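What follows is a single structure, and I will ask about it in a moment.
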Amino acid sequence: MAKKLITFGEVMMRLSPPGYEKFSQASSFELVYGGGEANVAISCAYLGMKASHVTRFPDHALGKAATQFLRKHWLSTEHVIYGDQMLGKYFLEKGAVHRPSEVIYEREGSSFSLIQPSMVNWEEVLKDADWFHWTGITPAISEGAYQCCLDAVKVANKMGITVSGDINSRNNMWKYGKTMQEVIPHLVQHCDVVITSSNGIKEMFNLGGPEEKFHDLAKILISQFSNIKKVVKKTRRPISASHNQIQGKMWNGTEYIKSDMLNITHIIDRVGTGDAFAAGLIYGLLHFNDQKALDFASAACALKHTVPGDVNLVSLENVLDLMEGDTSGSIKR
Amino acid sequence: MAKKLITFGEVMMRLSPPGYEKFSQASSFELVYGGGEANVAISCAYLGMKASHVTRFPDHALGKAATQFLRKHWLSTEHVIYGDQMLGKYFLEKGAVHRPSEVIYEREGSSFSLIQPSMVNWEEVLKDADWFHWTGITPAISEGAYQCCLDAVKVANKMGITVSGDINSRNNMWKYGKTMQEVIPHLVQHCDVVITSSNGIKEMFNLGGPEEKFHDLAKILISQFSNIKKVVKKTRRPISASHNQIQGKMWNGTEYIKSDMLNITHIIDRVGTGDAFAAGLIYGLLHFNDQKALDFASAACALKHTVPGDVNLVSLENVLDLMEGDTSGSIKR
Amino acid sequence: MAKKLITFGEVMMRLSPPGYEKFSQASSFELVYGGGEANVAISCAYLGMKASHVTRFPDHALGKAATQFLRKHWLSTEHVIYGDQMLGKYFLEKGAVHRPSEVIYEREGSSFSLIQPSMVNWEEVLKDADWFHWTGITPAISEGAYQCCLDAVKVANKMGITVSGDINSRNNMWKYGKTMQEVIPHLVQHCDVVITSSNGIKEMFNLGGPEEKFHDLAKILISQFSNIKKVVKKTRRPISASHNQIQGKMWNGTEYIKSDMLNITHIIDRVGTGDAFAAGLIYGLLHFNDQKALDFASAACALKHTVPGDVNLVSLENVLDLMEGDTSGSIKR
Amino acid sequence: MAKKLITFGEVMMRLSPPGYEKFSQASSFELVYGGGEANVAISCAYLGMKASHVTRFPDHALGKAATQFLRKHWLSTEHVIYGDQMLGKYFLEKGAVHRPSEVIYEREGSSFSLIQPSMVNWEEVLKDADWFHWTGITPAISEGAYQCCLDAVKVANKMGITVSGDINSRNNMWKYGKTMQEVIPHLVQHCDVVITSSNGIKEMFNLGGPEEKFHDLAKILISQFSNIKKVVKKTRRPISASHNQIQGKMWNGTEYIKSDMLNITHIIDRVGTGDAFAAGLIYGLLHFNDQKALDFASAACALKHTVPGDVNLVSLENVLDLMEGDTSGSIKR
Amino acid sequence: MAKKLITFGEVMMRLSPPGYEKFSQASSFELVYGGGEANVAISCAYLGMKASHVTRFPDHALGKAATQFLRKHWLSTEHVIYGDQMLGKYFLEKGAVHRPSEVIYEREGSSFSLIQPSMVNWEEVLKDADWFHWTGITPAISEGAYQCCLDAVKVANKMGITVSGDINSRNNMWKYGKTMQEVIPHLVQHCDVVITSSNGIKEMFNLGGPEEKFHDLAKILISQFSNIKKVVKKTRRPISASHNQIQGKMWNGTEYIKSDMLNITHIIDRVGTGDAFAAGLIYGLLHFNDQKALDFASAACALKHTVPGDVNLVSLENVLDLMEGDTSGSIKR
Amino acid sequence: MAKKLITFGEVMMRLSPPGYEKFSQASSFELVYGGGEANVAISCAYLGMKASHVTRFPDHALGKAATQFLRKHWLSTEHVIYGDQMLGKYFLEKGAVHRPSEVIYEREGSSFSLIQPSMVNWEEVLKDADWFHWTGITPAISEGAYQCCLDAVKVANKMGITVSGDINSRNNMWKYGKTMQEVIPHLVQHCDVVITSSNGIKEMFNLGGPEEKFHDLAKILISQFSNIKKVVKKTRRPISASHNQIQGKMWNGTEYIKSDMLNITHIIDRVGTGDAFAAGLIYGLLHFNDQKALDFASAACALKHTVPGDVNLVSLENVLDLMEGDTSGSIKR
């Protein structure tokens, strides 16, 4: 039977000029919706899992439209909360070669930022779930979002549900009075799987020296948080805005595992590729051994670079083919 | 030599689903910019006047794009102020026949709402100007916007510049602590031309009885504010979302003047038609007698219903033709 | 608590040239999905009901996309069946004024036409339902579709669920060996509410004389099928492809009720307006008295003419406003 | 067997902003091709006739694309001539209600204007033809175009082919040194059917008094040009750019015939409606009596108002239905 | 004088989501038409040959639109047959990098599959032709299509017309009761030029051992079918869905010839590249020696990868430039 | 304070099929405006300079629209002249890989070609300017354009304004009776900075032998025109239409300087990249030393390849990042 994933976080309206137009050229915007955690849920749904996303939207036609986007992409939306204020938004101008993509966020004062712990009954939400996933963006948004997330991981722990956190945060995102160094460790102590980076470990936990590599930092992190079973990292080498290389790395407490480096030579949409990696990792850890899970996550991540929008809409078969080494992209008839 | 108009107010990004799609169907938004006062300035520029708009935008690519929209449509933008926060926004779903258009505003906390009187040097801005125009939306936005507008009309009075105000406000727009009854009279006492409605006069000034007609209310208003030379009203009779009728009315202190009722049988875009009326009135009063000015304003207003976007982009010739009674819309070759 | 509707029938891919292009001009097709019964379910969902649609799709990306369309528009799709063959399709060229719209169907051999009674467990599907709706199209498609529909209405009767049928069929749709005169009566004897036309009653049941009016034909029909509580008709007067008039009529066993005639002067999309009427009737009968239910159905039908696509996506508030006589279509802010 | 029509004249690239955008708003142009005479040929081809168009295009990809447009719409293009210079062009901004459409021509120095009589072998071109059609635009373009047209009508006369001319010209179109009063009569003396207007007869031939009506002017014209069998006129009453009325009138030497006035209440594209009338007349005169021919021409003209582009792409069935009085535009399934 | 090619086969409507959208994202489809044999004919027409395609379409607006597509792209369509049933269709989702394109076919029961030998008079069709081309898809579609194709090659042989067959078939395409091993040899014995692959030769003819290379297999094939003059193969090396390498190989009975390998580094549309190769080969063999013919075919094939749609629309000059080694793609002014 | 640039030259309407469509496929054109000199002015404006462009447009809506394009992209347009005739035009079909882009010009008889020296008051135009830029296209257009340009450089010299010329001309552009060898030297003797190529120096000035390299040719050129301070060249190595390499070279009278070669691996739009180089050079020479100026020019040029349209719309920050060696194109948030 299909495994069930619960995710929690903000979903934003994404507005982008068509093709490679710059903001100064646009006379229309392409419209999709996305957010780190919902992206993971939808990816997993396309891979065949059950998935439900918890978030808060304004109670008007645009909040409904955001919900409809999640429903269309197979999520259960029964735990979406509606209230006042606006939908978070981001504007994306797509770059190419040496020209970087540019992102402008408008999420201050969004409906999601006003969420309060009392609005979610996590026992109810997590019933029948196999996995809960959060990211470091959520606790940075507001005290309410942080507390709500903390409740979620605690309840998940109590109910025996695996918890993963993708905790790459940046100091400049924290504006409501708390720092990431204060908050993140409280959440991480309820996590089974942590996706992060070397800098992330150094900065969020004040661990390791400046020269220390991921391998060693991961060991140190586990030594501090014995609840963590696996520390995982996605390495990106950007040749240009149109060509990146991707590799997954994992310390699972006993082994240091790497996936092959994948070359994405003609990038269509870079946004959400980290979320595709996280989704691939969750699916992989639920269905394969660690090496294959990491290979699967890297393949999923690579494929996302070719899908427009925030979300990885590829099929399980696509990911398996690439995981098994077929890079030819030959037509499926 | 061309007359020069200065306007002041918020400019919003306008996002609308293509054609008659509902919000729930949209996978893209058409993008234009608009705001009551800037709409007036652009209309006047297309009629041949010089026009400059004063506003405040965020200091990033979207604020620049909004400025570029104003420049493209012939406005001078040398007095635009850049600062922090987001661009005001509104979402428009276009209706038809019995289905109403729907508008969702997101202007709270916009860059413009944070404007302060110290940011504008009105003596400098109004140098060489012939006319200053404001609307009742601006003082409703924030204390800063109100004070800034008050400075403007005072300086304009001092400099002998004609001032018009389009002061149809609604109580529910006033959220920063002041009411329209407190604020509007302070601005109106610096106005030469007031565009309003019967209800507007009753509600904003507590004048007149429930049964009193525009004709009489206008007289009472002038008796209270001796600075006012003309009180003008645009009457709309909505047969449906696709068919409206428009008529202008004016009390100029001595005469009660009406324009012919114009039938707009196939509406393309209803937004900004009041601004087109105001622009037509400003142009008309600067170039014609009162009756022709009112006829010109009504014709301009009628034509705006056929132009997509917020702004009336028609030519002087188009308005003159319709003002003179040619309703045939025959092809110009 | 929200009432729950179950519908059953084919959902087709609808492909139409943009705007008013003819088939000979198209270089792209706009893509939506629709089918009489699913249209009713979605309309009811937008009005606030729960709704689930039962159908059969091919087991590939296009069958999934059709399901996603239903999910996006709030339907539950847990009872959708996947199998072999193609998705039914129709091509729509939109007309105007004297130029008729043209429709080309391709539904022969569709996945839905291959449905078999054994594929649906109606006891399970109809659990918790308040209403079941079918149309005369379904039994015309194939023996399997007919038998499946017959099972549905029998089970619904057994479970005390209200059954409505929109049974306007045409002889030329029946190609699998049975005639509508043989089949329709078997289904109608399980119906509480019948939507049909004067010609429908005459042709499908061989009832009434050539001159007999709807009023009398409805009485005769009820005299033959004592299970029927209400016979309802939507009258369309087509002034042109761009302008129609709509009126609802009902015989409820004791009274002959009419709604006001509504003028739709600028039609956007005529397809699915009958389904919008049926949906309005279902909602109306569940929430209002017969007169108001008919007024609500007519208002819903009128509004659908302004919504692109097969389905009525308007809100409950929109329908109530029009039902109560507000035809102004004034902007909602 | 299908009748064969030959037409001769310039074909232009037509560039128009999408929808109702003004030139000042366009960031793209919709692209079709059109020209009075080719429009007639294509209309007749859609009605079931054979048709070939003679013109001259530049010998590059755009000249080829124009040819491909004619081929796509069923014309034979074996007599198209390729040479130097540019493709004639016109820009069309579509109006609505009181806002007129605007047209900007760029045809000076076009490939067609450089055509010379030696470039066309009319005996070869007109072999097997039943009808030749020209318009008053062609002789206004250049001496070469005039002489080429004169050759055509002379050869057609010699070969017993019916000749029609749609000769509404305007003085300001004549720039190469000759006037329409000098040229048009030379062409008209080879015509069997003349489509013109009251003003046209007065201005081009200096016939009739200022008050004289079409009826009498037509008689006078035939008395001067005994070769003419029928003088035909299309009357347009423009209520607005969105609503016109159309009526056909004919003097056939013995009777004065009128068609019913047709109301086109929601105009999609007004360009080419005169050409649709001419095409309908040609088809009508070849297949019906004079009254039905005129009714058919008027119906064809009315239908063209609903087809985007220059050309009437409707089917014979569409025109027959409207000619027989069916104005309902009911969906064809 | 231009050489004339006749082709025979199904033409399908091709529907693809815009850009790189997946089926699950599409709200519109781009519409073109294509089919292996017609693609060859159109390519040859763009290179300067005369070409006529024989096929069967439904007798409605979509069948007409498909014909119009062929006409637009310079084909003669006088031998197109119209009848009942639907237009064959395929849906194409375009891939990139590691993500494969996906194709869903709907050609069962198409108008073309119902073609019967009696519907085509090959003596008439092949009059004046220089070359007849067929592919292995056609005999797989239906007994009627096979017999019709067999008649064609027999008549072509009798009339001394060169026959080429592109005979890469797959077992799973054969559903009407015959196998490719039974059918293909009957057609091949009327062929002068065979385009196939090593696997094709092994599987369709049961020739050669598992290890045998193209070189040897081609010799064996000619030894079995002495009518064959040349056996040709297009080798594709797929680096990814965005980057392929192409090389042509030929055994002409005396020499084994190869073209240079061409690198297509930024693929726009991979579909129809094999047909572009076949068209290039036909043109090449009619105008050059074998080595240049193969180089020309490879260059044509490479260029097709950059043209959207099924068909190679490049000019003779483009192919010659690349054949002669200019890979710079420098702008032509 | 921002430096001010004045440019002079034709601005054309640019019409291109969407995406990679060929002219034969287009049913719409994307519309922008461009011209070598205006492209330079706009690039400089985006980098933060003040810029005004002098040109001549037709006095109708399309001439206005072209002006509006310049205004939108920050240019001052107070010195634009309006008159008769048409807007110059070019059609661009975008190539890829081995398929070249194709350009068709239509600028003969344009409004700009009719410009006369008396129409521009250069003392007025150049007031406050720091730099004047012209290209070799302008004097090739007409005697009037040449004389106007000659006046400009003379006045600029008199006013002490730096003059740059991008003088790559081709003989076949000169059609009004003068040759480039006659004209160019007259203009160059008023130039401080010359952008050209080795062939350009040889052909326009009859300098150097066939084998001489840029380095030496530049020295010879300066020895002839002692006013020239720097001779600059942009080297392009076209791997394919999708992949070019770019390098800048400069002889500044004392040193031979080169920038690094930049690889543009995924070209979006090649047009205007030379103008972006010139703009970068102007900005660079005004703000940096020669080596950095050349690096800046090359980086600007490289970035333009990724911007759709004629003009480089990137920011100063983008160019600085690439100039300093960041080729990663990492997202800016």
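In order of appearance the chains are A, B, C, D, E and F, and numbering begins at 1 in each one.
Throughout what follows, a residue touches a chain if its C-beta (ideal position, glycine included) is under 8 Å from a C-beta of that chain, and two chains touch if they have at least 3 such contacts.
The chain lineup, named per UniProt: A, B, C, D, E, F = 2-dehydro-3-deoxygluconokinase.
Small disclaimer: the values here were computed from a predicted structure and weren't measured.
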item: Interface copy of B-D among C-D, D-F or C-E, judged by whether over half of the contact pairs recur; value: C-D
item: E-F or A-B - the one linked by more C-beta pairs in contact; value: E-F
item: Remotest chain, subunit D as reference, centres from CA atoms; value: A
item: For subunit A paired with subunit C, centre-to-centre distance based on mean C-alpha positions, whole Å; value: 42
item: Euclidean distance of C-alpha centroids - subunit B vs subunit E, Å; value: 62
item: Cα-centroid distance, subunit A relative to subunit E, in whole angstrom; value: 45
item: Where subunit D touches two or more other chains at once, by residue number; value: 19, 22, 24, 27, 68, 73, 102, 266
item: Residue ranges of subunit F touching subunit B (in the complex, touch as defined); value: 68-69, 71-74
item: Of subunit F, residues touching subunit E in the complex; value: 19-22, 24-25, 95-103, 105, 238-243, 266, 270-271
item: Residue ranges of subunit E in contact with subunit F within the complex; value: 19, 73, 262, 264-268, 299, 302-303, 305-309, 313-314, 318, 321-322, 327-333
item: Interfacial residue positions of subunit B with respect to subunit A in the complex; value: 15, 18, 22-24, 26-32, 60-62, 64-65, 68, 86, 91, 93, 102, 104, 106, 108-109
